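Take a look at the following structure, please.
As written, the chain order gives the labels A, B and C, with residue 1 at the start of each chain.
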Amino acid sequence: MFLVELFVQGLIQGSVYALIAVGLTLVYGLLRILHVAHAGLFTLGGYAGVLVTNATGSVAVALVFAALSVGAVGMAVYRFCYEPILRRPPYVALIASIGLFIAMEELFRIVFGPFGLTYDIVPLQGSVVIGGMYLRSAELVTMALAAVLIGGLGLLAGRTRIGLAWRATVSVPEMAESFGIDIVKVRYLNFFIGSALAGVAGVMVSVLNNLVEPTMGSVASYKALAIIVLGGLGNVRGTLVAALTLGVIEAYGTIYLAGFLDRDAIAFAVLIVILMVRPQGLFGRSA
Amino acid sequence: MTAVLEVTGVTVTFGGVTALDDVSFVVHPGELLGLIGPNGAGKTTMLKVVTGIVVPQAGTVRLANADLAGLPTHARMRRGLGLAQQLVRTFDNVSTIENVMLAAGRQRTASPWAALFQVNRSVERRIALELLERVGIADAAEQRPDHLPLGYRKRLQVARALALDPALLLLDEPLAGLNHVEAAALADVVRGIADDGRTVVLIEHNLGEVLRITDRLVVLDSGRKIGDGEPGAVIRDPVVHAAYIGEGEAA
Amino acid sequence: MIGAYEISLLTTIGIAVTFALSLNLVTGFCGQISLGHAAFLGTGAYVAAMSVVAGAPFAVGLIAGGLVAAAVGAVVGLASLRVRHDFLAITTMGVGFLFVGFTRQQDWLGGEMGIAGIPEAPFGKVGLMVVALGVAAATAAFSVYLKRTWMGFAFDAIAADEDTARTVAIDVSRYKLAAFALGTGIAGLAGGLYAFNIRFIAPDSFGFVESVTVLAMVVIGGIGSVLWVTVAAAALAVLPQWFQAVDDYKLLLYGVLLFTVMRLSPGGLAGLVARLVRGVRQ
């Protein structure tokens, strides 16, 4: 029973990871940039969640607001930060992104204070019993949101014109351009969707913990970097599997590795072990 | 007389594409061998197999009678290969002459820890300058390669490969991107390298120059060897003619 | 005479310059990006601290710190042989997190609380300052020398294009290992000095922020430039001490600088100065 509970907790955490990591892997797939500042957008979502919920009393409004506003900020990040340096060697964008992320974290600290914000009334407080297991409503909503949003993304990518254009752009950019696909539009869409998902994840994490703090993005989102590597950089399905698997491994690891390794280091231990065996990631194609 | 290079039964597939299909040939000492064939025939892939950049699904490569299986690229180069790749790849953070010096200093770079105690570069500089003169780009010696025209960069690669003092020099389309006069001049240089007793494998689409300077031709088409012999005879072979010239007309 | 404040400032500068030059060796010379370099500062600091707490002489602690860090660095270097570019960036970042995550859980290393009460160096604060500045100067001299050797020359080739380096008979793997061992060993030395200077270390002294700080020093100075990395390291080490405002907003400053430099002058100060000089000459 205990093992099953751990498994479910792992899936919940894995859903959060998935929401964050999908945006990151999409950016990598499209631009070959390790978008570290994605973590800052996740934190921004957390702040949007707390502030809007406290102002309106509705976490649903907060979720929509966070998705739209963080999505818009994501597009701005692309326009003003990445677009001008796309032609430079890859480390340039990576280091710029790290700088941007650190600056964002500091801005949160300066604007909202170092100690973080909490909900006036914590939303989604109820709980349900499923198969003898207590699950908080917030946890169920997190999993449901992850399933619906990522499932919807899959439909969008697989069934719509813009989705096809998107996939074409990711796999063969030059070709896509010659077919008259507007690559720039696809990039904006990509940043909007990826950032919106991170924003939603930020809201849900702030609800789950009843806390949003400036450094909320650090660990979770570096972990997202590890996840997209495991998933084979740019591979969405691989990323999903890696996110859920890591959530579960961590859930067990926290119990069974506690004396040896910090929870947050498990992801990287797994990452390093796996990269040693498969340098292209779990689901990456070999070069 | 043993062969310098002996390729036996080499097969390479990329996903579904068969790039090389059971190809065998030998290169004799002192010979200038032309390796020709239409686009996508597998010529570059063959050089990559010889240099260890691509691992074949089947087949063996022997250099001076020693099996190269399992040896990494740098070790194969040390055993006497020199490679000028089809796609130009230069070290753009150092000057043109330093590109060549890096190869000329292969004894000095053999072990990192020994290299830490070696500072003198004058011998290598002299060798490199001679080679740049030989391929006709000594005027660009102190410039960064990324600012040079393609023809210069192509010749830089030839000089750099030569600087390894290889027993077998592998050249992948060195004449591409050169104008008529430059191409003829570099072809003469390649002929001269062979006349000095060095063994050369030359991949080239410029058939005029190939027929003028090579001693023998091996022809690939769609990964299979379809010709091997004296250049004039090979090029008149109807099979080669159909595959090679036919494609040329269609293109 | 210089006062206690200047002594501590100069010691800090010496340590920062050594640390930054050690990363410059790996990232600048050999082209291998590392986002977890603080782990090696930490390894050196822990080894040195544990050694002197156990009664070993300071010099032994310092050298042991450097050697152990180099050994760990060689292992990480082995990992770097398997992965490249983006993968390497994340792997080294992971090494940084592993270091913090591991030390936090080790009671014998003081756990989260770290190691306090590291004894004062017998040669005193001035002595420590002299050692720190001496190590920094030696590291700078070594860097300049290395750049002129055939090892440095081969690093150039690897940093530019490692596949092509192989075609000129360079054993890329062994050179990368050498770069990691040298760079992390020197970082370990800096770590020992850090432990003796602050006399208190904890896992969080060697986290991602420190790795980014040292990266900022290298990037702002100009990746690969010994002179300007030294200048940038010294400046970024003293600015927070001189200006309280800078101290409060240190990370904001680093973040903005990292971003701005990459956006406007990816060659850092070195690149900027080179461009200015070229401009003046014309």
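Methods note: a contact is a pair of C-beta atoms (placed from the backbone, for glycine too) under 8 Å apart; a residue touches a chain by one contact, two chains touch by 3 or more.
Predicted model only: the values in this text are computed from it and were never measured.
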In contact with chain A and with chain C at once: which chains are those? Just list them. none
Would you identify the chain whose Cα-based centre sits farthest away from the centre of chain C? B
Nearest to the mean of all protein Cα atoms is the Cα centre of chain C
I'd like to verify one number: the distance from the centre of chain A to the centre of chain C, where each centre is the average of its C-alpha atoms, in whole angstrom. 31
Averaging only over C-alpha atoms, locate the centres of chain B and chain C and give their separation in whole Å. 42
Here the gap between chain A and chain B, centre to centre from mean Cα coordinates and rounded to Å, is 48
Chain C residues touching chain B - in the complex, by the definition given at the top: 145-146, 148-151, 153-154, 156-157, 159-161, 163-172, 174-175, 177-178
Chain A-touching residues of chain C, taken from the complex the two chains share: 33, 35, 79, 82-83, 85-87, 89-91, 93-95, 97-98, 100-102, 104-105, 208-209, 212, 215-216, 219, 249, 251-252, 254-263, 266
For a test of understanding, state which residues of chain A touch chain C in their complex under the given definition. 28, 32, 34, 81, 84-85, 88-96, 98-107, 110, 218, 222, 225-226, 229, 233, 258-269, 271-272, 275-276, 279, 281
Which residues of chain B touch chain C in the complex? 51, 53, 72-75, 77-78, 83, 85, 89-94, 98, 101-103, 105-106, 108-113, 115-119, 121, 160-161, 163-164
